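As structure tokens, here come the structures.
In the two complexes below, subunit A is the common chain; its partner is subunit B in one and subunit C in the other.
Up next is the complex of A and B:
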């Protein structure tokens, strides 16, 4: 008999056993939420070979910690405070940043509360295999759980929880390293609290918890040179307070607090939308909002108020008589008169003299433009009063070489330089780096950290270099980054979704015992072939046609059955959904699905058996559909043609085999189908396709561009794919009238 | 409520009138049975309490048992019953097991009677806490005070009011912060940088701005909030059972059935001021005259003060037990 004990939780202990919070719903109701909290003693510290924790837990932190840091020769683990993740995520994610990290639950929750994108990056960090990251659920371990005191702000409570966990860890490590008899006492590794919160550090020092600021920590690391550049600008504040911030004049208005923005938008006095910069005029942008048919125009830096392309902003619309019309003149950031660029030096651009000049110049350009416009073209005009969400990412830039103060290649001094983004929609970014001379002429990745009201340009930090500008690799990668194409290799979780047989996977012999054969038609004997562009590796469709005894024609389209390999809601499915499409570059492709599927198992290669989804029509010789059926199938393609090849074969009068006849049959049907489609009012919206010739298959440098020739067979494939789509659409609408989406164009009476 | 025969009633009446007065459980005329009180019994409510009067010490059975819970709800002022500055709505429901002899209709009537007594006293605008408003003229809290009678062994009104007072004492109102957007009237700030209009914006004396509060937020959602304003003011109820020539307190069911008239008085005792009579009510078939009521009020005030003092002490104990003590126990575990 198993003994069942009920851990009764008396109401007196509610303070400890329950966590209460209020939630305000979207409809404005306030809900009280209660969460039970069970404190336990078996939450592992995550250190390998810890004697005090249960051995069953999978630990990731090395036994002696990281011993390469100058300040902590006896080994250490780092325990970062929330502000480190909020401000220095690039640093933490860098491959050079290798110390074992302990992430507290309190910190995770705080990050989630403050910024969802950073939270998902943090989550991704905890799941990567390469990094030594341990998430410690401190709120659930009885020694480290804390209860909020009266008159304690949530922030203070969390800071206290973080310090408590750091203290516990350091005490716990003595248990993980029990003294061994006969050996001198080994020096213990430390758990170091990293925080940029001065008050928290002071309190930690008082409690004798090892702690350090981010900058001081990075300074002591062995590869500090690469890492110091990654420090975001916010982190450098305390090191250089000498710059007289207060003395500078504010160039922009402060943003309104978030709650005010939300209230204003709700009341309809403010408008929310995405900020679009004007790529021809850096002093102009617009924000499409639902309240107006035309987007709200923003003219001048002050009114754009530090918004960057893609940000979700809140705008205030001016009185109607102040509305303006957009310019159509090109005003270029770089094309400014020379006095401007010269004096617009990165270091001293805040000096008043230059400011006035820039101002005058800019407002002159604006005034000139806006006075001569007809009133009819005017559109709502306003200014940005706040930002709902920044959509800052890493931008591809190049260093503005004129902004360098010292171009000596060996100089390692810290300089402030301008990075000009490749995209014309973005402002120049000011960044501080030690590697400036070596970065000139390179494409680099830069992240924006902040944009102060006193600074004309946003401040950012260097992330990494992509390579020499105009080199193929650097340009290719910068294109991929600019268009946000995910091009990283597939992760382990995704590759784990592939069939374990890999390349050796075959369709099993026909038998009801194999699930592959369940509900599948055996179409292996049909004369099926595929027709694709030259060099195509992912053959996803194949065709066949044959005459039936009753004089009709049977035609079929076979699509690779990807759903057999990619199941819904798996890691592979999610990744493919996120990628959306395979991206073809001149000399390489970025797959949507791992290559094993795309170019092998889900490619209807000739002479092998493949799983497919088939649409099979019975048609009259005049291409009238008599019957259509849909089935899962197993096919074995007999040939894979290129368009030209198929065309030659069709036109060769000497050939008369089954395959050739099949192509001719398909072609004749396709022509009739096309004629019918055109008669029904179809549009031809095709644009010419180009082919890029490469030097040779080895060097893969493009040498020429050629327009692809269009063969009859192109149209053959196109016609049958259209037919398959329409048949499937009809069928889904018939079967699922409630849920299928059909685009119903209104019928016009002629 | 329990059926009591005429002979029983006559017997109880004559015992009470005898010298010295005799009661079935040996109490004096102005003695209460034991009262047990616990607050914070419903964690999901904003405030709650349970009161039982005359519970058996051995098995915890018997006695009058009442649970009160206060729940706050956001209400828009103007639509429906919403009132600027918030309001309190009370309701009493009786478990059918408390009154097994009553038909469902009779039970409804009883509940309604009890609700109206409670509402007349506690929902009165003069006693409304001042911190039930959220955004003036737009949003306010509706405080629903729900009371359930689980069993009735006499003196139900005293128990209901005690539970109500304890639950309201326990109620915490989440702190809200109204958010607003200052719209500038007339001249909007021109983009022309030559004018110094920027200097005017944000100045407190700028009269061109209208303040429009549109919404509110919870600045600290981990916090229970602050107690209801003026929680001292919630009254206690004292029931004087009147048998001509004498009165007695805390009647059992049989005793209640034997008296022709009951006088309910609702008193609160603000610390600095004179006692405040919040209301009174005569229940029953008998009659009474003004001079008698006057002297009864004087006695009632005296008894009510005793109840008030005892309740006050217990409520403070409860606050201490549930917060500080629990936290200390957590630290010393």
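Up next is the complex of A and C:
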């Protein structure tokens, strides 16, 4: 156990260790807050074999750094600033991007503050084993901690902190590599500050800190070809001011400042809502807002003003005379006349005249529709005046082959192309890439970086290739990505939560000494069986029934006790919460929990002992519940049936063993339960289930589709699961009346 | 957890740079205050309390009823300075939280102070909270122990109190306000020489499996605090003795010693 100590904070250090700020509460009161921090010297730099840091600390960074970069032959580590992580996360996550990275606490916190999704990606990066990433807690190390000065913005303060840490690291490395007597001084590795902020670089150069912009850094890397495409467009501003951006005409209105938006929404003049694109008409969208019963209609590019599906936007509603009705016609962005596609060039060299043509075409399409509508169908119409929150993610796209310039169809030159998203709700994305020809015909992943007022389409960058379009793998992955199903294999942190015995895990022999047996009933002798669809591997429920001596029937439902293995707030719990459900595809499944749990330890397989949660009822022969109890238990299932198999067994008059009787008993109860449920006004909403036949188990290509047969036993399992759920719901409602949530249909008066 | 501040980061550092088992800086000042028989200004991190002990003395006119014929009564009053917490607010004498705090202090010390030596008398403990950043009750108790000792009131033992909490599965010691707001916590007061526990207070819910670990760690931390408090008290007594020997009072001290012999 670590020692308990009292940290001594000298009084004269209060300037640097205490921080005072004012905070405004939700009620509008201003509160003065004083915080302190303890600066320490035991925060390790993370470099292997560093003599100055304590030897006990684990280290991640190699002793000599990365020596493959052109500019830094003596070895280097990179220290990116916050904006690099905010803008270039795809680059940093790429497997080709291998230099050792130092992430400062300042940077972590800034990223956390700015974007939680990026923060969780960053955190995932720090925990993967194959990457050399070290988090340096610079705010707590006595040499690198800084205080905000009076005339400094928080941003400037953080930049200064980052520079200070970079400076310290470079000085510290000389300690990590003490000169050895008799040998010439070895050239030291450097810690390179990576930032796209020009002013920050200038200041760093003045302080003699090695620094470089992201693009220049990637240019010098040995596999820069693959990496340059991953660079986000946001960072490329100052590097390539090739086009006279200022000279171009603005196609869209600027957004209003955030404060105006918030004030406007509060005053009720503006309305906030999620933007929904119309999938049949790319020139139309709507925003449902609380103030109107019908959603606010947005007609035309200018009024949609760069909103993308899912963004939280603020709209201004026009005068009621200008209200319109939505169109019925399908307007497709690819299906435009040919002169249009030619002029609507990805290279963006469109001149004023072409622009007008596109515009005219679009407005004609709009006019044609909106004049002939009856006034009754009109709905609030408006325009987007600002964006509260972008909800951009990576989109599955394919390259629009017509946007490739024919002259360089085979060259590897940099060109700008259009990527058309699979989802019809999204606009085309303009993309700069060197590998355009090789990407044609592939499904690729593209992220939107920005959408300037001068650009008709958003700009994005290439993330990775999924595979040939229409190949099964690529299509499957693109479906998973489009529906945001997390399908990555489980990470190490999650697998570490599994019991160390793995497949060999067994229920220990019965004894109070084992925590497994604490508060657990021993139900191993009961004749329990499970009934599941054919080929089921994750058997999560099992049943039993037997006659009691008093003439009543005891029936039980046993659910695998997952909570024994998945503890709250662990990596596995969080991952499972994020996944939410196991996703079944035709030929594979995407597990919610690692397979060891899902299909083995938490699967109530026959003839092995498993931990379970049991609901046990005592019922009369007429299926009236006399008593119910809930317990953790250890069970040993006696058989795992398929629906059909169980049905045959039940119907076979020759069979009369315990198991068969148990099934018959359950069945008789289930029929009575169902009758009661129906009499109480239950709805049957079952839709036919289909089974997809596969060629053979190896090739796994689907060949046929068949409707699944429904057996009596299906309804048996269904009834008992329903009964278990209602019993458990009643119990939780009773025990936790304030926090339990039971979903029930409202009672209707008939 | 949804808190905007990460209470314990991946490097096992808390939001103020401490590790889970590190306590905040401690400062003990025995400067006398007015007519108090014993007084201490005790600051623990950014929490600062001033405790004055008066007595034992004859009970005030109105409170005669509450006196006992065989022992002294403890009278604890807690006041929170309006500037002590972020939000300036006047708290009257009837503030329920302060009354409860006073009651906790009183019940903690009742078995520790040798009250049977002073029948029909009162010992006043006045607590002024000057600054507040978590761990209020422990600070009040530790300061009261020291103040009682400086007032010359016989105690069976010190009482050393500390707060402990659990973040995830990691026990934390000595919580700040930020941590107290988010983490289940328990306050433990131990009598370090005997190892007996006179106070366990829990206002939040803590899982049973975690309680024992936190409780043990807090008991150990109490002993660490004890050595610190004992040293401070010894130093102060040493100072007094030195001054006695240097000043004119020396003779008096010698004489009284002789009479006792």
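Just so we're on the same page, the second predicted complex is superposed on the first by the 684 of 750 C-alpha atoms of A that agree within 3 Å, B and C clash if a C-alpha of one lies under 4 Å from a C-alpha of the other, contacts with A are read in each partner's own complex, and residues count from 1 in each chain.
Rule of thumb we're sticking to: contacts are C-beta pairs under 8 Å (C-beta built on N, C-alpha and C of every residue); 3 or more make two chains touch, one makes a residue touch a chain.
Predicted model, so just to flag it, every value in this text is computed and none were measured.
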So in the superposed three-chain picture, is A:140 touching just subunit B, just subunit C, both, or none of them (first/second/both/neither)? second
With both complexes superposed on chain A, which partner does A:34 reach: first (subunit B), second (subunit C), both or neither? both
Per residue count on subunit A, the busier partner among subunit B and subunit C is B
Tell me the contact category for A:154 with respect to subunit B and subunit C: first, second, both or neither. first
By the touch definition at the top of the document, which applies to A:96: first (subunit B), second (subunit C), both, or neither? neither
Could you tell me if A:4 is touching subunit B, subunit C, both of them or neither one (first, second, both, neither)? second
Going by the contact rule set out at the top, does A:23 touch subunit B (first), subunit C (second), both, or neither? both
What is the contact status of A:569 with respect to subunit B (first) and subunit C (second): first, second, both, or neither? second
For A:260, select first, second, both or neither according to whether it touches subunit B, subunit C, the two together, or no partner. first
Check the residue A:383 against both partner chains and state whether it touches subunit B (first), subunit C (second), both, or neither. first
Show which residues of subunit A both subunit B and subunit C reach, each in its own complex. 11, 18, 23, 29, 32, 34
Of all residues in subunit B, those that touch subunit A in their complex: 40-41, 43-46, 72-74, 139, 174, 177, 179-183, 187-193, 198, 212-215, 217-218, 220-222, 224, 321-323, 326-327, 329-330, 333
If we count contacts the way the header does, which residues on subunit C are in touch with subunit A in the complex? 6, 9-11, 13, 16-27, 45-46, 86-87, 131, 133, 168, 173, 176, 178, 217, 220-221, 224-225, 228
Listed in rising order, subunit A residues that touch subunit B in their complex are 11-16, 18, 20-24, 28-30, 32, 34, 142, 147-150, 153-154, 157, 253, 256-257, 259-264, 266-267, 269-270, 299-300, 302-303, 316, 318-319, 322, 359, 363, 383
In the complex, subunit A residues that touch subunit C: 1-9, 11, 18, 23, 25, 29, 31-40, 43, 105, 108-109, 112, 123, 126-127, 135, 137, 139-140, 569
